[in-house]
Amino acid sequence: MCLAVPGRVTEVYEESGTTMASVDFGGVGKKVCLAYLPDIEVGEYVIVHVGFAIQRLDEESAKETLATFERMGILTEELAGPEEQVARAAQEAGR
Amino acid sequence: MKYLDEFSDPDLARALLDQIHEATTGQWALMEVCGGQTHSIIRHGIDQLLPDGIEMIHGPGCPVCVTPLAVIDKALEIARRPEVIFCSFGDMLRVPGSRDDLFTIKSQGGDVRVVYSPLDALRIAQDEPEREVVFFGIGFETTAPANAMAVHQARRLGVGNFSLLVSHVLVPPAIEAIMESPSCRVQGFLAAGHVCSVMGTSEYPPLAQRYQVPIVVTGFEPLDLLEGIRRTVVQLEEGRHEVENAYPRAVPAEGNPAAKAMLEDVFEVTDRTWRGIGEIPRSGWRLSPRYADFDAERRFSVEGIDTAESAICRSGEVLQGLIKPPQCEAFGRECTPRNPLGATMVSSEGACAAYYAYRRLDLVEAG
Amino acid sequence: MSAGTQPSGGLDFEGWTCPLPLRHTPNVVMGHGGGGAMSAELVESLFVPGYGEAAATELGDAAVLPPVEGRLAFSTDSYVVKPMFFPGGSIGDLAVNGTVNDLAMVGARPLYLSTAYIVAEGTPMEQLGRVAEAVGRAALAAGVRLVTGDTKVVDHGSGDGVYINTAGVGVVPEGVELAASRMRPGDRVIVSGAIGVHGVAVMSCREGLEFGTTVESDSAALHGLVADVLATGGDVRVMRDPTRGGVSATLNELASASGTGVVLDERLLPVPAEVRDACGLLGLDPLQVANEGKLVAVVAAEDTDRVLKTMCAHPLGAEATVIGEVVADHPGVVVARTGIGGTRVMDMPIGEQLPRIC
Amino acid sequence: MSAGTQPSGGLDFEGWTCPLPLRHTPNVVMGHGGGGAMSAELVESLFVPGYGEAAATELGDAAVLPPVEGRLAFSTDSYVVKPMFFPGGSIGDLAVNGTVNDLAMVGARPLYLSTAYIVAEGTPMEQLGRVAEAVGRAALAAGVRLVTGDTKVVDHGSGDGVYINTAGVGVVPEGVELAASRMRPGDRVIVSGAIGVHGVAVMSCREGLEFGTTVESDSAALHGLVADVLATGGDVRVMRDPTRGGVSATLNELASASGTGVVLDERLLPVPAEVRDACGLLGLDPLQVANEGKLVAVVAAEDTDRVLKTMCAHPLGAEATVIGEVVADHPGVVVARTGIGGTRVMDMPIGEQLPRIC
Amino acid sequence: MCLAVPGRVTEVYEESGTTMASVDFGGVGKKVCLAYLPDIEVGEYVIVHVGFAIQRLDEESAKETLATFERMGILTEELAGPEEQVARAAQEAGR
Amino acid sequence: MKYLDEFSDPDLARALLDQIHEATTGQWALMEVCGGQTHSIIRHGIDQLLPDGIEMIHGPGCPVCVTPLAVIDKALEIARRPEVIFCSFGDMLRVPGSRDDLFTIKSQGGDVRVVYSPLDALRIAQDEPEREVVFFGIGFETTAPANAMAVHQARRLGVGNFSLLVSHVLVPPAIEAIMESPSCRVQGFLAAGHVCSVMGTSEYPPLAQRYQVPIVVTGFEPLDLLEGIRRTVVQLEEGRHEVENAYPRAVPAEGNPAAKAMLEDVFEVTDRTWRGIGEIPRSGWRLSPRYADFDAERRFSVEGIDTAESAICRSGEVLQGLIKPPQCEAFGRECTPRNPLGATMVSSEGACAAYYAYRRLDLVEAG
């Protein structure tokens, strides 16, 4: 399901017996329940859904995925000459 | 947001699209299970950029859409009571029950509040001990841990004026039901990434095996979706039907064990009617007997309420992927987000609404 | 910023003391709306000093004003924003700037404002006084005079804090003719700066959704910017301030009123990171979020550079940018090009903006 | 009239059907104030048809109006009357007539009105539609155009039915100069007809006080009467419409603003029997009860007969009469001669009118 | 105590076991509890205070009182000549 | 209104005044007991028209003014509660307690409603059974039958959510207390006509005898008051001290037996503190033990509240007729109806307020 977003834990604390975190989502800060990820440390990224951190975001894995995509991009660039790229852009604009 | 923006990069999207175009030779029908994925596909126009050989079928993955009519009617009944503060996620407010919706109840004096989290509702219950606070606990496996925790905390903290109106639904039984349908056209699934963040991936290999379909765990950003589609197509082209994880940064194989333990404690599996589809065996969660005290249906004696769908709307077929929204006669005519006939037109996650809101330009020009 | 710290509170009420010697009423009571001595006292001791130089000497039932040369512009809006004070502003600034902007959008120079308050009994005098001061400051900044007013008090439970209505009168300079009907295919659509800022600032302190953010409302009076733009002589077809319903509602209104189509390039939209992130968290579309200090202008293609340069030279238009163009296709419909090169129809928002469920 | 029959109900809602095809919303919901499609629909399908001929073709955010020759008059008022419909009228008529009258009281010819609604969610569309029709009818009757408007919707419990703000623009004919400062000892005080009628009509259907009465609100637009009076050429010093706070508040304001005294003869006051009786029952003073279709004029002694004759010739001034005079003694104070020949100081009412306990 | 006013009973009826009346106060009608004056008949006058008829108004007596006052008036008129009356009015106006 | 207008006739008033002027040779201090009479005297300027020999002293006859501070504070305490609908006659809302007034409580969210009759409050209790409806039962003997009936009906109809905050005061003990005061200057009384409409006249002959003062039962219209004054003066001039009935159209000697019986049943005599005066033995009514269930003080446990007056205000002396309001330093300066220091400035019935509102022209000119 959707609307779970990654944020960086900036603070971990207890509140009425529950582990809570301050999470920074770029321009936005929100209080989040850490009960399901009690081992998270400040600086780590978590996936947050309706006020709960439901999973750790594995930065290594994220970087790997992006690197794979970039390799595909380079592959594609190599396949297509510059003319084809321009033609493609024009086609796109005309949609 | 970091780890969101990077996965929307236009150049990388182009690269993935090229790979998909290159890989696709046959005609493939894929289903994204999750409404969030449907939203994202239409929002970014991904389906337009896919090769003609790939058809995206929108799955029953919006909890707003599939919440049964009878449960909505129960919610309306409870929200109407003067002692109740009825808390809900935002877009549940416009979902029509048999007659009204929560917005109407609110306009008639019902105390209906939009909250971001079930914990907000719990806090309201603590702040206003003389009122009854009910949270509308809908959602898939992603949302269930939050609702479970709210109930668990209510019991732990002795918040007696809090209860949950529960209507959780589960993804794997839905996939099974779709595949069991005689008219099923789906050849591959994008599994909902955040459901797997909680539950892990272990439920899918048996399904992939039994129905011989590739199942690729997929995220929600454009690149995630393109990668999920790419991997599914590659499997189909190669004749494979495996479970792959295209969203490893957020989905470990085991999911979230702490959350799963809490779900085990608070909920129990039940048969569940999906709006527009019908009853799917063992496809939902309800409160376990240990938490029966916090069951709003019992507290407000609305178990009796049972109501049937209207006849015109084809959202059942839409939800099963049998038709696309524009194939419904009512789509964009009698039925619009402003005046929805079916639940799939109500939620912005709903397939009909997503189609309407971001409907293709050619649709506009034809219309 | 600590994400765990909920906002609100950051407003400073310390500096203000109630000028009304109302022994029994640190809060507004029904009698303040009765039209008798208490009403008069409220005007004399709270509104007039709060407005300061921006007020006419007497805020009577009706004002008589010197003759105005040229066409009149006339506008009204009520302001019901909750909370009344929010990061970057208050209902008081909004009430002035909103109406000044509606006048500016028809090309008018704003001259006079009326202010009418509906106050719930129980509202602290101190808050009402701060609102009056904000109104006075904003009016002074915008160069409009507050010439006539009204106050009503309603039962507790029949109102909520303070509602303000302002109506404004301005003068439209000769030759200025702004209308959606003048839009032509090829025209460019300009937005004067970052979008979604006001809506996000207010949402950040709305009950049940509170989040921490450094975003502040963009509330501002735009008539100066408009005057500069009109002075370029460039052919500005029409202007609108994308308030409730956001840029999306504004462009849909323009498309539908003009019978042309509009194509928007999402990649060109000036959406600040905080706005994008807050919308991401809540499942909202920045294009549907309210702005209070921005304008959308449709400008003839050949004049676009000139207009844009002038806008960018004005402090309130420094981040102005072209975001789309007018097309002959799909009349009445707004189409957005998405970040990855797809397209979608951008429909008129329906009603309330609802945070998405999941 | 049967005294046991409580009033209310006598209003006929039968003839009206909601023009909005809102399947889910026989009542106003939050979305109608969101600035999106529902807001637009409300304007197009309810306000524009409700206003009828009185509306400008489009009720936009701001109106551009032809040049006006002469001094402008500008006024605003919000209307929060409960109940919204009462014997003889509704909040809709009041909202038009009240602002038209404030313009008329400075001698202006009213030209344009803005209308801004704050509607509580849950308000039946049918009632809102009837209010819009009442606004349209009253505007047509008063000859003012409804040129710009606004609608906000507030939470249930944050508002109560419908609040309306109107602002008005008019033109003041050359030579007209009405001001309390022009009052001189010897001037006569005229009231244009029976007093206390509106307040009693509204009170008769107020919760907890209901009583049976045949009294109907006197709500009316007075600019025609004012024009006739000004046309006499008589020296009218100042005029006021004695609304909230009644004649008592008005005369106290005039005394205090002019620095003169006012002597009132209670035996000359046109208080209808029903008003006197209702006030007797509730322990109220008719002089403090609101009027909505009456004016108080201070006229030079030598011109009084002429002015009075002209007033009496107008349907809205048929019962006009002199009720007192301006004196040099006791500046700022209003003194009433009582029925049996005593005198008393008639003070400014304080806050709310409260039914006396015993 | 004050604010008890005389009105004419126009209707007598029962309501949840209590005798009630419609009372006409000239221009105003009000529902009034008759429990303390159950024998009142339509057409009679009663003194009404906070929704209750607390006493019958004796019309005979009222008329007698007024007649007495009028006799005093005549007496006074006779005592004072017309000049004195004018002087008195002037004095009054000057107060 | 018939039988009101006739008793305001200017010509007859003149005739009565002439008789009074003619009759008066000595210096006489008369007290009108009732606040309604004070109001009427000032409203019509009667005191200005009287001969110099007659001084009107305003009695403690406004129930709003004399309601003890502690009772007001109890009312505020009860009205503050969220479950309570607090109903009151109108001008009680502005009476200051130790800190607030009912208007302030209302502005803070208290559900305070003005009603015309205690029966209106009872009806509200029937209409809103989930709320607690409290009626502020103040007043003299005139008002007590209405409040008694409301309680009686509540019990008869089983309206369990209705209760009465009772603070009734009685006229004869007040007259006694005034006459017992060593500084007393009163030589004759206008007794309150409507009190006698209920109670009859039998309580007065012993007082007239014991204190050798004429007592004339008097109505409220200008002619009634003039006639009451005239008869009192005539008695004084003739050296008599009898009870006379100058308001026979509304006062039979026996009063209203049905009302008296009800009062006997519902109330019992109690010592009562009069605001600004102090405790007067057996000068009030409280609910009898038979109706203890309907006693708001018990129901809301506010019996404990007890508060003292402020020091500056001389309303006690005003109420006892020892000074006239303008003799108070604060009158018209610190103390105005807008910002009352004492209860006598609050109610429009109060002597200070009546003086302020209709204060004599010479006062204005001097001031």
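Chains: A, B, C, D, E and F, in written order; residue numbering restarts at 1 for each.
One rule holds in what follows: contacts are C-beta pairs under 8 Å (C-beta built on N, C-alpha and C of every residue); 3 or more make two chains touch, one makes a residue touch a chain.
What you see is a predicted model; the values in this text were computed from it and never measured.
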Any chain that touches chain E and chain C: D, F
Chain labels contacting chain D and also chain E: F
Relative to chain D, chain with the most remote C-alpha centre: A
Between D-F and C-F, the pair joined by more C-beta contacts: D-F
Most widely separated chain from chain C, with each centre as the mean of CA atoms: E
Centre-to-centre distance between chain D and chain A (centres being mean Cα positions), rounded to whole Å: 61
Euclidean distance of C-alpha centroids - chain C vs chain D, Å: 31
Euclidean distance of C-alpha centroids - chain A vs chain F, Å: 76
Distance from the mean Cα position of chain D to that of chain B, given in whole angstrom: 55
Touching two or more other chains - residues of chain F: 1, 4, 14, 35-36, 48, 63, 89, 116, 120, 139-140, 142-143, 338, 349, 361
Residues of chain E whose C-beta touches two or more other chains: 1-3, 5, 7, 25-26, 49-50, 95
Junction residues of chain D - those touching two or more other chains: 29-31, 37-38, 155, 157, 273, 276-277, 280, 283, 341, 343, 350-351, 356-358
Chain B - residues contacting chain D, complex: 96, 100-101, 103-104, 106-110, 338-339
Chain B to chain C touching residues, read off their complex: 1, 4, 8, 10, 13-14, 35-36, 42-49, 63-64, 87, 89-94, 113-116, 120, 138-140, 142-143, 222, 337-338, 347-349, 356-361, 363-365
Sites on chain C touched by chain B in the complex: 207-209, 267, 273, 276-277, 280, 282-283, 329-330, 333, 335, 338-345, 347, 350-351, 354-358
Complex contact set, residues of chain D against chain E: 1-6, 204, 211-215, 272-278, 280-281, 283, 341, 343, 356-358
Residues of chain D defined as touching chain B within the complex: 22-25, 27-31, 37-38, 121-122, 155-157
